[in-house]
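First chain A sits with chain B, and in the next complex the same chain sits with chain C.
Let's look at the complex of A and B:
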């Protein structure tokens, strides 16, 4: 999603325009719906013990909503921490290193958690 | 200009240490603090999911940590951070979209409400979770 001003003026002085801001808001709107479901679900799943939690994740609706929640939340927090790093770390090398680390950490967590959900889902019927 | 000293008596923007605390300021700071906390929390939730996919032994280990006293305190703080970031995030969306709630009185009250929502909400969720 881009703003019409961007296509006229290029990316602006920050080099990024308003894309970051818009993505932060779009993921926030998604989380407005996903987080209440997630809070309720994770309590129910945790109280059900190992077998119960497995059964809960293995239900297709739960697996899909879980993957959507993870995707929206992880992207949202990558954007958020990016701003915190840019605000407080002035030293260029450290700043770049932390920005890269932020991206790597979030993508690694996304891969590990989404693959876990898929594994539970796909092995449930077997 | 830099290097010329400050001849005029206009005030500098106050630093955090000498700024009088008020609700909207605390509300903004805690939005960032809770966001940072949730970043860490996401890795703990992730550990729970990975353990669930790994097997019963790994899951038992995560359960043991989660049900210990430090684990329970951490989970309570996590739920409070989720509720606060949720309520204050909704306010940001209302600021950006319909653009209401900028009036200082309303903004302060709204900040107080968000803190109360987080504390009372977390308490209600944990009492319900332990009873049912």
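Let's look at the complex of A and C:
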């Protein structure tokens, strides 16, 4: 038997949540600028064919902006999927496992995509 | 895990249809019935009410049914004028209080009346709001000060008092919290719009000295941050309040304190 006060208090306040809230909004603001640039770039790069796209990515400004876009988007995605997991998975063990998986998946995606950009950048003209 | 299907024994079945009276203005009502003593699944009973003999509000309809058709129907009510919050239920698919919702406002061939969603049912239209009240208690809805009480009273400027408008009017009917999907899925941990509206009411009270502690109690991914600005709360509130806005303001205060 637990009283309703005990169950509502639960384990107490986590003392966290605001950082997540802020980061989600900061990445959203960054993406507000980066995504339009990214969409424009995709069109430009596609028009130039495979070789043209490579040359385009290899330009330092483009490569840097691409890496920033990928970082902001993937981090934003990690925060968003975290919320979905917390919303829908009530069982704590399963929830924690999925949260870890979410982090791993995002880091793997970040590594693969950012390294691809770097590779094109560094090997261009070589 | 989110439950997308009702737990065993709680899906309503077709119930009894009560006789249809003569009359020009007969309206059909489908009312959720459940009695723990009888057991079994809940059911939808159908009643026909001659609206010429009945008052204008849904509460009038329920009282008419109880007095004239079926005395076993259970529901809560007290003030019958929108100040006590006890008659909150789901009417025509929307949470509201029965005593201020006119039956003519609801379109369609029949009107459904069910208890507030996603709460345990005590009987018929009476939900068990123990958890909801405990959440209200959690935010400590009373003035907290360390400064010794002034001889006469704590004073407020008119502007300071105005900050409480749109907050103090809450009648704790639970329409908002029980209309919120986030509350449905995580009602055990998420405090819900009603409790958070009250939390904000004390957070911005110029006389209250426990603002920091109050924010500490809310700084939590579940207790506060389960609000995803779905806005059902503001849509259903029978007092026209906007809990979603109050929650957004709590989040602003949280941000202000760290950045």
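Structure notes:
Everything below uses one rule, namely that the second predicted complex is superposed on the first by the 111 of 126 C-alpha atoms of A that agree within 3 Å, B and C clash if a C-alpha of one lies under 4 Å from a C-alpha of the other, contacts with A are read in each partner's own complex, and residues count from 1 in each chain.
Please note the rule applied: contacts are C-beta pairs under 8 Å (C-beta built on N, C-alpha and C of every residue); 3 or more make two chains touch, one makes a residue touch a chain.
It should be emphasised that the depicted structure is a prediction, and the values quoted were computed from it without experimental measurement.
In the superposition on chain A, A:48 contacts neither chain B nor chain C.
Looking at the shared chain after the overlay, A:64 reaches neither chain B nor chain C. By the touch criterion defined above, A:77 reaches chain B but does not reach chain C.
Applying the stated contact rule after C-alpha superposition, one finds that A:97 touches neither chain B nor chain C.
Residue contacts after overlaying the shared chain place A:117 against chain B, while chain C stays out of touching range. When the shared chain is aligned, chain C comes close enough to touch A:88, but chain B does not. In the superposed model, A:107 makes contact with neither chain B nor chain C. Contact with chain B, but none with chain C, is seen for A:35 once the two complexes are overlaid on the shared chain. Judged by the document's definition of touching, no chain A residue lies at the interface with chain B and also at the interface with chain C. For chain B in complex with chain A, the touching residues are 32, 35-36, 38-39, 42-43, 45-46, 48-50, 52-53, 56, 59-60, 63, 66, 79, 82, 86, 89-90, 92-93, 96, 125, 129.
For chain C in complex with chain A, the residues that touch the partner chain are 1-2, 130-131, 133-135, 137-138, 182, 185-186, 188-189, 191, 216-226, 228, 251, 254-255, 257-259.
Against chain B, the residues of chain A that register as touching in their complex are 25, 28-29, 31-32, 35, 39, 42-43, 46-47, 50, 53-54, 57, 73-74, 77, 80-81, 84, 109, 112-113, 115-117, 119-120.
Every residue of chain A that touches chain C in the complex is listed here, in rising order: 3-5, 7-10, 13-22, 83, 86-91.
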